Amino acid sequence: MKEDQKLSPWKQKLHEIIYEADTPMGKLFDIILFIIIIFSVILIMLESVKAIDAEYHEILFILEWLVTIFFTIEYIARIICIKKPSNYIFSFYGIIDFLSTIPLYISYIFAGSQVLLAVRAFRLLRVFRILKLARFLGEASQLKRALKASRAKITVFLFAVLIASVMMGTLMYLVEGDEAGFTSIPTSIYWTIVTLTTVGYGDIAPITPQGQAIATIIMLLGYGIIAVPTGMVTAEFAKQGKDTSTLKNSGSYVHVNTQCCPTCTKEGHRDDATHCYNCGSLLNE
Amino acid sequence: MKEDQKLSPWKQKLHEIIYEADTPMGKLFDIILFIIIIFSVILIMLESVKAIDAEYHEILFILEWLVTIFFTIEYIARIICIKKPSNYIFSFYGIIDFLSTIPLYISYIFAGSQVLLAVRAFRLLRVFRILKLARFLGEASQLKRALKASRAKITVFLFAVLIASVMMGTLMYLVEGDEAGFTSIPTSIYWTIVTLTTVGYGDIAPITPQGQAIATIIMLLGYGIIAVPTGMVTAEFAKQGKDTSTLKNSGSYVHVNTQCCPTCTKEGHRDDATHCYNCGSLLNE
Amino acid sequence: MKEDQKLSPWKQKLHEIIYEADTPMGKLFDIILFIIIIFSVILIMLESVKAIDAEYHEILFILEWLVTIFFTIEYIARIICIKKPSNYIFSFYGIIDFLSTIPLYISYIFAGSQVLLAVRAFRLLRVFRILKLARFLGEASQLKRALKASRAKITVFLFAVLIASVMMGTLMYLVEGDEAGFTSIPTSIYWTIVTLTTVGYGDIAPITPQGQAIATIIMLLGYGIIAVPTGMVTAEFAKQGKDTSTLKNSGSYVHVNTQCCPTCTKEGHRDDATHCYNCGSLLNE
Amino acid sequence: MKEDQKLSPWKQKLHEIIYEADTPMGKLFDIILFIIIIFSVILIMLESVKAIDAEYHEILFILEWLVTIFFTIEYIARIICIKKPSNYIFSFYGIIDFLSTIPLYISYIFAGSQVLLAVRAFRLLRVFRILKLARFLGEASQLKRALKASRAKITVFLFAVLIASVMMGTLMYLVEGDEAGFTSIPTSIYWTIVTLTTVGYGDIAPITPQGQAIATIIMLLGYGIIAVPTGMVTAEFAKQGKDTSTLKNSGSYVHVNTQCCPTCTKEGHRDDATHCYNCGSLLNE
């Protein structure tokens, strides 16, 4: 098994720094990376502000290149120090990293490719990996489990909301005319959701008494049914709170670390693990 | 008893396909039906968009006729393969099906009858029947039970909200004048509900200091009392969660299927039922 | 003790009809009264709509007089058939009844007194007395108890919200100028509450980047802290649910009726009570 | 130990009045102080209203000076009657007190320093100290504990919301143009948060169908995920309710008073304490 062959020592070292966060160097790398990601996102924001872009175009352009070069190096390093590069390249983060690195290069070939820079915002999701460093790990996974457990209920709820929106929107289109802004059924449905979720922009608003009466019903409905997702998630949280304490008492929790399998990139290995629980290949010490 | 006479074999077969969802054919029919319903709703949406209707009027018209013919056939089939057609015709879905099929036919007699096409949006409710196919059944019924159990509390709450809206709306009408948009008491009440439910369109907004002060109170009230429906439904969910687990443990749950009584169209029969629990007539095997 | 002298039989009968709801006549009176109250409120609404008032002024004026005469008779009857009239006259409902009856009479003396008609909206609160007839009694009192138990927490919460609004509003006044609509600190505070409660009219909205940044913080704050009142009330409901079931099991609930003490007008007497639990005077049979 | 030397009797008396609230004089002082703070805040509000300031500038100016002199005396008194003045001067309230007293004095040197008057709004926070006088103490601390316990979860949640806002905002900037008001990415992110928190000003609103489709998703997301903080805090409240009752039964609660250590200004000492639990120095009797 090729995967069981260890990486050469310096690659192994690099893997530990880039992919893991248990060593001081690994932590440092993660923090620096996150700062640069935030910096790169702020850079895109500033470029989008016309007044700033007009004045500091030169500086922003140079900084953009610096960030792109850093990301390129990081991307190559990530590919080098993993046993099966395809595992990283076609992973969610691999694609995000690629898409947020490439735009500047291809901007000389395809005009408008700078649009891809927006993908960079997705890199912020890495914060969740870095959050793992701290005690937030448990909280985040509890959030995730609560949402997962309520998934079926939330789907039913969303279906009901969407159908109600389609029905109410169609009704409002018939009751109100073009005058009030209800120019088509899709627009009316958009308005219904704006109202039902209690957002209420006010760019479109009913003007006839009947329209206002229906709007009132939609509002009260929206005001009332927000209780449903809230109730579901709350009940889930309350239940999990109990489950967690039961589990903790029964001792079925083990300590996991941020070590990352050099073959399949899975995380969450036990502290005393020597083999990956997912692909079975050897872990770095 | 006429109802206990079995339908002729092919009608029985048709009944199984159209009304039930336990056989592969039944499932397929439900899914196809739902796709066509969604398609028909999208069709109405597109027709309502002026730009699209202007360009593709011909195509939309033909598609509209195709959908109408399909719905007509389905409607007739539903009447044929049931023992007591009146049970279907005067049921909620029967009326909806009729109203959403007829408009195109009578549009040659009564102008403006196309308005009835909007009824078609109600057909989307069938999704809940189709959801039964999946594990969502339990979730949906839990939602329904939670809402039902909180019904009395919700009624009291809605009464209180409406009375508060009438009182506050009247007050605002007296405090603010026509200038700010509070042209009549009904309009003021409409504004109060817009504010209380935190929708806040902004088409009408207080401009005098006193009016803004009252608006502030209404907002804080609305912000605070949303806790009431939420609290009620949540408590209900939490209670149900416990009840369900108790019930499940005590084994008083039986498995139900989507079989549908050919006489009275009731659903939710036990898997081993031979007679309808509602009207007592014989079920198909 | 004068209060222990029984009322004359016809007054006693009248008392039973007007103040109580245990006899068929009493129920009927309550329902008729409520219908007339709703009618009188709708009347005021219609009068406020200019178009309707212009056309039907005569009819509305006559109906207004009819309602006023009915209310006058009811007011006098209420005073006659009670042992201590002052108990009714200076009670909450007594004052409301008086204020909503008088305007038409004094409109010939003081112009603009018609404003008092708006008080009539308060009479709608009687619905809660009539709701007692039904099983809503328990629900309403549960709502009341839950709110009462959370009162101290809600006060602390409202104080915190108000102080935060004053601080944030002052800050926004300094950051944003007159241009964006933040013309004074009170206006800024009004805007802050509009934002914090997620109402968001949009008549005033920040335009400077700093202002928008602060607005973002206020919004997230408002979005987050709504969890606080919700959490409090929900926890209260959940607790009450348990308490109620415990109480019911321990049998410390007694059945109360809508009988009303003819001396002090207190309600909620036990079915087998002969003396008022509040003032000790004799109850009607 | 210098700190253990008692203050001279009159300073000790003053300390009791100013810093504590267990004696009638202490309570009175706290209430008077709070009234003057509220008065001073209202004063600033009135000054900011142009119409009022134009007419009553003289009176407002004099009242402003009176309040400033009172605050100056209070500030000096607070420094005098404490063993270690630096403990007060560099505490949160010490800095607030200083900043809200100084502006009028330095307004003769630096123009525009009146801006600092806004700091005065922070003094309102003292209400929480005064609330301690009443039974609100327990409630406030329960609120605080519930929020503290949910802190980690809330942080994760806020991070997720912010990242989603950055991603969605960038997307909307690309989809919608300058026309609809999405002039830059920061503005788009601001709009996203306005929408996600269901505030919905409507000053910026999508006009293209794609933009409205994305807006719909953001709204439903915002409408749904409000369940998350609510669920967390509610579960926390429910848990605390249980914990508190358990603690109360086990008798591990002791009665604390509002006595304030004259050395380190810590509060919450046991009724029978003779030494500060924080710095160990002698407490006043």
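First chain written, first letter: the chains are A, B, C and D, and each begins at residue 1.
Everything below uses one rule, namely that a contact is a pair of C-beta atoms (placed from the backbone, for glycine too) under 8 Å apart; a residue touches a chain by one contact, two chains touch by 3 or more.
This is a predicted model, so every value here is computed, not measured.
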{"item": "Listed pair (B-C, A-C or B-D) duplicating the A-B contact set, over half by residue number", "value": "B-C"}
{"item": "A-D compared against A-C, more contacting pairs", "value": "A-D"}
{"item": "Gap in Å, rounded to a whole number, between the CA centres of chain C and chain A", "value": "47"}
{"item": "Distance between the centres, which are taken as Cα means, of chain D and chain A, whole angstrom", "value": "33"}
{"item": "Chain C, residues touching no fewer than two other chains", "value": "186, 198-202, 222, 226, 230, 232, 234, 238"}
{"item": "Touching residues (chain side chain B, partner chain C) in the complex", "value": "152-153, 155-157, 159, 163, 166-167, 170-171, 173-174, 183-186, 189, 195, 198-202, 205, 209, 212-213, 215-216, 219-220, 222-224, 226-228, 230-232, 234-235, 238-239"}
{"item": "For the chain D and chain C complex, residues of the former touching the latter", "value": "41, 44-45, 48-50, 115, 118, 121-122, 124-125, 127-128, 131, 135-136, 139-140, 142-143, 146-147, 154, 158, 161, 186-187, 190, 193-194, 196-203, 222, 226, 229-230, 232-234, 236-238, 241"}
{"item": "Chain B-touching residues of chain D, taken from the complex the two chains share", "value": "198-202, 230, 234"}
